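So, here come the structures, one by one.
One chain, subunit A, appears in both complexes that follow, with subunit B as partner in the first and subunit C in the second.
Right after this comes the complex of A and B.
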């Protein structure tokens, strides 16, 4: 269970150590991609806790969500509509829901232990 | 369990990487400008001083440059060089471009005769033609690519007419004339049209064609070295 956390830390270190920064005009895409990735990650944790975790769904959802969010932002830029806000909204709501579900599950587990 | 956590680790690694990069990209302008009005004024003052100093420097340099330029212009060396260039142009050691006229000396239309026409230009008629051209105001002349200068010799050597030692065999022979101005060029062209000397070329089965005067004709420079014999510099006391 500690391996994913270790992966996160290694990723962050790698990102900071490479001294690699993307141009400002693309930072929108990256932020939306990060949001999608976080959403999928928390969705995966929730599914894991609910024992309905499917690896194929998780991995495919991760990449598919990132691509979808980035292409939505791209489309928004070219249409002149801030479509990435839609992605931010959708992923934000789902993020909160997932975290709420995780919290509840953890609380019920914790109270069941007592 | 192992495979599951490996894929999860991989994905968290990607997420962490993206997060770090986003952090770096967004937090780029770390240094904030915290100067107040007085500090800004002082800095502005400093920059202005620098600007003024630079302008002063540029001005002094430009003055120096202009000074050198005038000194150079007024110097003896420049005067000598100018004279040398003028002399070179006068003698014919430089290419000269100006308004002028083109003449072509060509064989008579061969359709007039049944047999093939032997045509060769005679030095006498060419000399007369050049005399006439000079009379009508030509300044610089070249014949068949050879510049005509004061010491140019036109003569027959072993049956071939030569100018500056080069044969005039291939027809048409081009004569380039540069005059003082376009008006002179026009007059010269008109005079050459009715010139009798040009008529006399017909004896040698040749015709002289006068083209319309042009604004830009370039006469080539004299190719060889001018050897000065029998001339000595006057010794001044």
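Right after this comes the complex of A and C.
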């Protein structure tokens, strides 16, 4: 139960301790990747609450979404089109939907308990 | 149970990656903020750079001006050197004229001519036929001047442009000062030229010897003539 929290803490520490800096123009990729990761995480939580959670789908989606978002942003930069906005939009909408679903499920569960 | 544990491991891996990404991004954003400060620095840098460029342009202008001025200086110097040459020539001329006027002490090679009255000759009744007259002195002096003498003195008295020589009984007067025979005429100039001018056949020496005058010519390496007094 504490293992994921430990992993999170180690990750945060690693992120703070890493001292190499990437150029400013690549920070867009990173933010997109974070968005994708968050989206996948909340998707996973929702799936878990809906009892349709599949580990393979979750893990592959986590990494694949990050890569996809980053490559989309990369393509956008090279084509001169702000394609990362599409990723931001898509992931943002999905993030809100996922969080809304989680909220509803939690509320339903909570009221059912009572 | 086993499956659950594995899912925890994978979940923790996912959490690790997520934490890393978030932390790294936060870190980077912090740095970007720093970069914004450095943007201000960059602006300052730009200002300084512009200032530097302006300064350099000004420097170049000044350098050009300096070059022009230096060219002018060179021109002026050339002019000056030419003027100096002129002045030098003028000074040389003045020196030469002073020598002619007897205003300065003159030193150099030259000749000395000594005119002495002839030996007493019992056959000769007229004493005038064997003493030195002023026209003898004149002829010697004229001959010396013609052959390029720079300065001449008679018995040590310098002659100038307006000197006069008159016969005054047994002596001759040079500028009012009486001089008895023998007359020593000192001339500064090229000794060879002066002596050969006097030695010409049928020239001054021959004529003077014919008139029973003791004529002695000496070449000298160094003669010093003092300047005329009161000029």
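Everything below uses one rule, namely that the second predicted complex is superposed on the first by the 111 of 114 C-alpha atoms of A that agree within 3 Å, B and C clash if a C-alpha of one lies under 4 Å from a C-alpha of the other, contacts with A are read in each partner's own complex, and residues count from 1 in each chain.
Rule of thumb we're sticking to: a contact is a pair of C-beta atoms (placed from the backbone, for glycine too) under 8 Å apart; a residue touches a chain by one contact, two chains touch by 3 or more.
None of the values given here were measured: they were computed from a predicted structure.
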| item | value |
| --- | --- |
| Touched partner set for A:37, first subunit B, second subunit C, both or neither | both |
| Subunit B versus subunit C as contact partner of A:12, first or second or both or neither | both |
| A:59 touches, of subunit B and subunit C: first, second, both or neither? | both |
| Which superposed partner A:110 touches (first subunit B, second subunit C, both, neither) | neither |
| Residues of subunit A that lie at the interface with subunit B and also at the interface with subunit C | 1, 3-16, 21-22, 24, 27, 30-31, 33-34, 37-38, 41, 44, 55, 58-59, 62 |
| Subunit A residues within the subunit B interface of the complex | 1, 3-16, 19-22, 24, 27, 30-31, 33-34, 37-38, 40-41, 44, 53, 55, 58-59, 62 |
| Footprint of subunit A on subunit C - complex, ascending | 6-29, 31-32, 35 |
| Subunit A-facing residues of subunit B, complex | 3-26, 28 |
| Subunit A - residues contacting subunit C, complex | 1, 3-16, 18, 21-22, 24, 27, 30-31, 33-34, 37-38, 41, 44, 55, 58-59, 62-63, 66 |
